[in-house]
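Read through the structures below before going on.
In the two complexes below, chain A is the common chain; its partner is chain B in one and chain C in the other.
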Partner chain A sequence: MGLILSAAAVQAAERFPPPQFETDYQMPTLTTPPPRAAVWEFVDVGVLAAALGLASWLTLRKRSRRGIAALSVFSLLYFGFWRQGCICSVGSLGNVVLSLFDSSYVLPLTAAAFFLLPIFFTLFFGRVFCGSVCPLGAIQDWVVFRPLSVPAWLETTLRLGAWLYLAAAVLFAAVGAGLLICRYDPFVAFFRLGFNTPLWLLGLLFLGVGVFIARPYCRFVCPYGLLLRQAGRLSFWHVRITPDECIQCRLCEDACPFGAIQPPTAPWPESMRPAERRRLVFLFGLLLVLMSLGGWLGYRVHAGLAAAHPTAELARQVRLRQAGLIAEPTDALRAFDVSGRTLQSLWTQEADVFRRFAWGGLLAGVFVGFVAGVKLIQMSIHFKRTDYEADRAGCLACGRCFAFCPRHRIWETGKPTDSGETS
Partner chain B sequence: MNHPPSETLSRRRFLKDGLWTVSLAAAGAAAAALASRSRAKEWVWQIDPYKCIGCGRCATHCVLSESAVKCVHAFEMCGYCDLCTGYFHPDPKALQTGAEHQLCPTGAIRRRFIEEPYFEFTIDESRCIGCGKCVVGCAAFGNGSLFLQIRHDRCQNCNECAIGRVCPSGAIVRVPASAPYLLKVRNP
Partner chain C sequence: MNNHDESKYLLPQNPRYQAAVSSLIVSAVFLTITGLLLAVQFYHLKGTDERRSQKLEALRHVYQAGGTDEALAEEIRQLDVRYRRDHLARLQFLHRGSGLFVLFGAVFVGTILWVRSFHQKPPHPEPLEDRTAAQIQAARRARWAVSAGTAVLAAAALFWSFQGSQPPRKSAGGEESSESRPAFASWEQMNQNWPVFRGPQGAGICRFDNIPTEWDGASGKNIRWKVPVELPGHNSPIVWENRIFLTGADANRQEVYCFNAEDGALLWTGQVPLAPADQREEMTIMEDTGYAASTAAVNGAFVAAIFADGQAACFDFDGQRQWVRSLGVPSSAYGYASSLTVYENRLIIQFDQDYEPGRSKLIALDMATGKTLWERERPVPNSWTSPTVVEWNGQMQILTSGSPWLIAYDAADGRELWRLDCLGGDVAPTQIAAAGRIFAVYPYTHLAAVRPPQAASEQAQPELLWKAEGSIPDICSPVSDGRLVWTLDSEGVLECFDVQDGSRLYSQDLQAMFHASPVLVGDTLYLLSTKGRMILVRAARTFEQIGQNELPESFTASPAFAPGRIYLRGSRHLYCIENPR
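This part shows the complex of A and B:
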């Protein structure tokens, strides 16, 4: 009896008419404390824009590692500990995708600004957002004590994991199965100073690995960083190791903890050209194969992924109960029973979820296959470089390499008196 | 710009500048599209009390160690019962305020005599953990005037609500920040 009644929790009727008081009793009112005033959201956007501007100036004009480090501390304190990791540009990717696929969700202007501002700044100034504005990057930047160099092939291969994560995050947000990037944000538990054991362990893992492999989240996980990588390739201005000319002294060779400094390349002998051309044709063929393979794999796993959606899980439980395999109803089943939804509507919704996951899985797989194929092509194209340069895509604009460059040292000492003397 | 001084426009530079212009235009178009779709409107999380089944996950799954969810009381719906089933255990030994008679694990509900035979029940929010035991009790045998709400002086407004992920009834929904509560009303 009690169970049945408690199952009908919300359907409670007015069993006892509210009393007519004879004394002068004043009925208390229900308080409704308001959320944070909307103006603060715009303050956040203002702080973001100002921090991005300052970061660009510090990186490109001032060339000051100390300034960049100081700004990263500020960003860590403001966007990390003060704003508790929400709102952030990395997570705003999920909001943007959600708003594109869910017509009932209108994208807040602040989320749009957090998503777009760093991309615009990267198109102009390189990845200054990653360097000193992103709180997730800042917290990792402070544990880079013994950075080991990761071979380029391994770096590229591991980054495929980030592409996979990006595809999964977009897929889950698009089908309404949740915002993965926010759910598995490894540092948000630190920022909130709350205790959520699995997330703490994840955060500690990233920081522990980060002592030896600098900024592992940024390089091998961050989906937003992938967008900024592509914008960084095209950046109008960007970090330069030397303020004026490269004297090929090789002193900066090991300066970058992220392996983003590219040495000059030797010219390829003419005799290799035909073979390379044939290989390129083969790789373009392989690209198509990888895309088909990815699509097939994505389609194969879609049912497993769809099980993560609450509607699919509920339908599964309903079927198990129909088969007599669930004796004690779960909370989800109780909620379904009192909601008055029909079984027919549940099956329809479930089929819709599976259909969307099937399409999404297929497209996500094709996308990841495409990325893998393009990576192979990229690795076999010869890029001509005569100087030591920061890789526009991989450079996180931290400014560590400046101090390694003798030309920078001269530029720095000459700067206050007569900068014209140094060139 | 750090291009080498060259008289002729190299193919690579032409491609790069072209790509830059195209991607800036694309980013601009995306910005315009997003801006036209977005509003100066923020969302906050709230519990739809007509969907909530009082499962108790609100108390344990919030990212805050003390949940942002608290029980609230719609006084105009309350029957002011002496034997309040939101306050007392089923089959209480006596209708007294002793802890052993109470349903609330933290003693967050205050019972106060108003006039014969009515008692007023108020929530001490500093003690409430949002477990919903009283909500279930009140709805089972009473008017259902006790219900759970996300309190916005506490809620961090996470991008993905940690309770919403595990809510079995899908009761945690996004609501406009301008109307941040979903209150129960008499005779809806």
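This part shows the complex of A and C:
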């Protein structure tokens, strides 16, 4: 992965030099394409809102897997290939964080809308955005050919990586080191038809894995998905496997490729209660330990993280040049040379970058420790369920489970149920 | 046989199924071909274009060097146009090919879904298991898995924190590093580490607590770790916080090693290029000296090393080589062996050579850049002693020994401060400073006690206080506690002198050979023989051996110390000795 990403960075710096004419030929002035008309930004927001509304209707009222699948194709074409993956809600997280910490950055309304609308809809209707509106999810959804069941313990553990990525993405955006989520979007190279970037390989890797492990990016990487998971827990309405009542037929048990169907729970043995209580007390204590440990580790790695900041990298290059280890100045060095900035100002900025990373690393570490601790506590609390239910947090609202439910079949055809009701 | 199984056997005859499978195969073939073509073009874009650019650049250089060769200019123009056209064509191919790839990919996915629609299986739940037990087990597994995942993340972060970049370092005054004042450690920090040969100021005095007094190589007692060192070298380890540095070399390679002090893990190996072969042919290297006799030096930000062929190099703590300087192969009777020392950002090299004075120098290089800060000619022939930096009357001085002069230089600018004719022969033991005196060794002849000038004026002269004769060493450097001074010769005769008048208090044959210089730890002398026996002797006016410890290896390098630890470099291994916690 590191190799791919570093190769991508090298690729980004590649330039084909301009011709060297010896005649009186006048080089044309470089021009940049004009910005996109503002009206199209409103169109994008409108399309997003409409897609979210339609997704909610298709998922909760119409209960149509076909409709959801068709909408995901539209989203893939519009937000993916037409809008070339930008702007997207997943990446807007970085813009929002940057606007909170950098007073000179004005958050575009489009970015704000793309960030807030899916959360808003999730709070009311569950993760309908993930199911059929997100282009990153849609492209993975179409390659789920032979999904394997990921054990719950492995799923939960792997998701720790996503929390780590979220912490890193927020940290990098907060200190102005770049928008990690956008930079390493694995599918944007597809959307832009840019084969000449190694990110293609990353995208192919995710799609290849996605044949067997459904939507790996959404489940184990996507930082925005984590926010929607939490919003999904609070959702007012959400996907239900059955349109009316669960008859405990168990036919939906293996229907979800994301492992988001939760079976009914059995009564918890009373004899275990005292041990459970003691464990909870221990885990609450451990939570503090993990937060402290995370903060300490976050602080310790801050220097390594800070090295990725453009200012720290520039300072490193300047030092290498002073040591005679850079023969040809890089673009960054040339820009620095003509900027008129003094070395002292560069060192000061570099020190500031390291200071911010030190604090940010500490807080990010505390956050990751908190998440790990809360997960352990969460897994020691037992929730009562009497029916097969879609996990509010993990359900991606794809609608695959509908067809597995005999009650849904009856509801769909409009034939009376055993109780004499019709849909 | 149920309906599902029956339909499975009928599938090959189903024309729609046949169409689906055919479409799948065709789309897979197209997808594969498109992917291969894209990969080939991508390879050309990266590889061929780069080679072409280099060729074009080479032609341009030829043109610029040869004046106005119009035919060549025309050839360059045509090549330039052709290469540019090819490049743009490839970019266009990749862009359109990507579109086709995505299109065929979509068709491929569609046909797979189509084929799968013929293989739909109805759900078939497994027999219901004991849910209570399953819940308990699932919760337990999940807790353990998350705990393990958290531990792995924490371990990875910890590992990275040791491997990763360091924040900008601070200078002696504590201010941020700046262009005029590169990073280096303060004098106090230098004294809290073992940054040069024989420790702070090269005095051979360890001021750390809890230094082990007992260990045993055979049983492993108090041996915290032992790791192999790839290339040989007589140089001694130096220590900065949790890093240990030493060097190794043979006729073909010269390397700097950085070990983790906690577990002996080799953190990095820095390569130092050899001097040109024609120069190395003139080198005289005795086996007892080797290619890496000079001990490296560290200033808290960088570590520098020098080898027998005069190649000096500097690395940062992450193993990134900062610079290499070729000082020229020194003409040395036994091979170059002077160790390096540092003062702030200055790397001090005593570069004594030739049988007659004339080419010897004391050189100060900038540790960060390798640039020469100052250079002073020295009126001495080849020597094997090392420079030491000491503070005298508020002034930092560099002390050097060479035949016949003991010379002091201003550490800041290299200005010679004073000199005294008191040495001779092939000088190898390094001078020490103690009790307001400097003790220098004229091998096999005498130990000289010198009082430096008491004032900074040019009229002030050093004073030779006394000369003491006896079994005066030819290799090992002396050590002093301010009241007594000890010498140890190669044949194992330990002698003790009074610093006041040079009177010999005792002479004791230790029945062993010694190349490593003695170190004073508290009131104990640590004497490491060539056969790995560390003899502990009470630092007193009378001889009293208080212990000895064995290691199964030969030792020529002097020991290095850190709080609670001793680091010993043997002929094949690096040892860390530590008392049990």
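Throughout what follows, the second predicted complex is superposed on the first by the 367 of 423 C-alpha atoms of A that agree within 3 Å, B and C clash if a C-alpha of one lies under 4 Å from a C-alpha of the other, contacts with A are read in each partner's own complex, and residues count from 1 in each chain.
Following the convention adopted for this analysis, a contact is a pair of C-beta atoms (placed from the backbone, for glycine too) under 8 Å apart; a residue touches a chain by one contact, two chains touch by 3 or more.
Just so we're clear, the structure is a prediction, and the values are computed from it rather than from any experiment.
Asks: After superposition on the shared chain, which partner residues are touched by A:Arg409: those of chain B (first), chain C (second), both, or neither?
Replies: In the superposed model, A:Arg409 contacts neither chain B nor chain C.
Asks: A:Gly94 in the overlay: touching chain B, chain C, both, or neither? Say first, second, both or neither.
Replies: It touches chain B, and chain C stays clear.
Asks: With both complexes overlaid on chain A, does A:Arg183 touch chain B (first), chain C (second), both or neither?
Replies: Only chain B is touched by A:Arg183; chain C is not.
Asks: Which partner does A:Pro35 contact after superposing on A: first (chain B), second (chain C), both, neither?
Replies: Touch partner of A:Pro35: chain B, not chain C.
Asks: Is A:Arg66 touching anything from chain B or chain C once the two structures are fitted on A? First, second, both or neither.
Replies: Neither partner.
Asks: Applying the document's definition of touch, where does A:Ala111 land relative to chain B and chain C: first, second, both, or neither?
Replies: first
Asks: Check whether A:Thr157 is in contact with chain B, with chain C, with both or with neither, and answer first, second, both or neither.
Replies: Only chain C; A:Thr157 stays clear of chain B.
Asks: Can you list the residues of chain A that touch chain B in one structure and chain C in the other?
Replies: Shared contact residues on chain A: 16-17, 19, 22, 194-196.
Asks: Which chain B residues qualify as touching chain A in the complex?
Replies: Against chain A, chain B makes touches at 1-2, 16, 19-20, 23-24, 27, 30-31, 34-35, 37-44, 49-55, 57, 63-65, 72-81, 90, 114-115, 118, 120, 122, 135-136, 138-144, 151-153, 155-160, 165, 168-171, 174, 177, 180-181, 183, 186-187.
Asks: For chain A, which residues count as touching chain B in their complex?
Replies: 2, 5-19, 21-23, 25, 27-30, 32-36, 38, 41, 84, 86-87, 91, 94-96, 99, 105-112, 115-116, 119-120, 123, 178-179, 182-183, 188-189, 192, 194-196, 231, 234, 236-237, 240, 310, 330-332, 334-336, 338-339
Asks: Considering the complex alone, what residue numbers of chain A touch chain C?
Replies: Touching chain C from chain A are residues 16-17, 19-20, 22, 81, 142-143, 145, 151-154, 156-158, 160, 164, 190, 193-196, 250-255, 263-269, 272, 290, 293-294, 297-298, 300-304, 306-307, 312, 315, 319, 322-325, 343-344, 347-348, 350-351, 354, 358, 365, 368, 372, 375-376, 379-380, 382, 404.
Asks: Can you list the residues on chain C that touch chain A in the complex?
Replies: 38, 41-42, 45, 49, 53, 60, 73, 80, 84, 87, 91, 94-95, 97-99, 101-102, 106, 109, 112-113, 116, 123, 125, 128, 130-132, 135-136, 138-139, 141-150, 153-154, 157-158, 160-161, 163-168, 176-179, 321-323, 368-370
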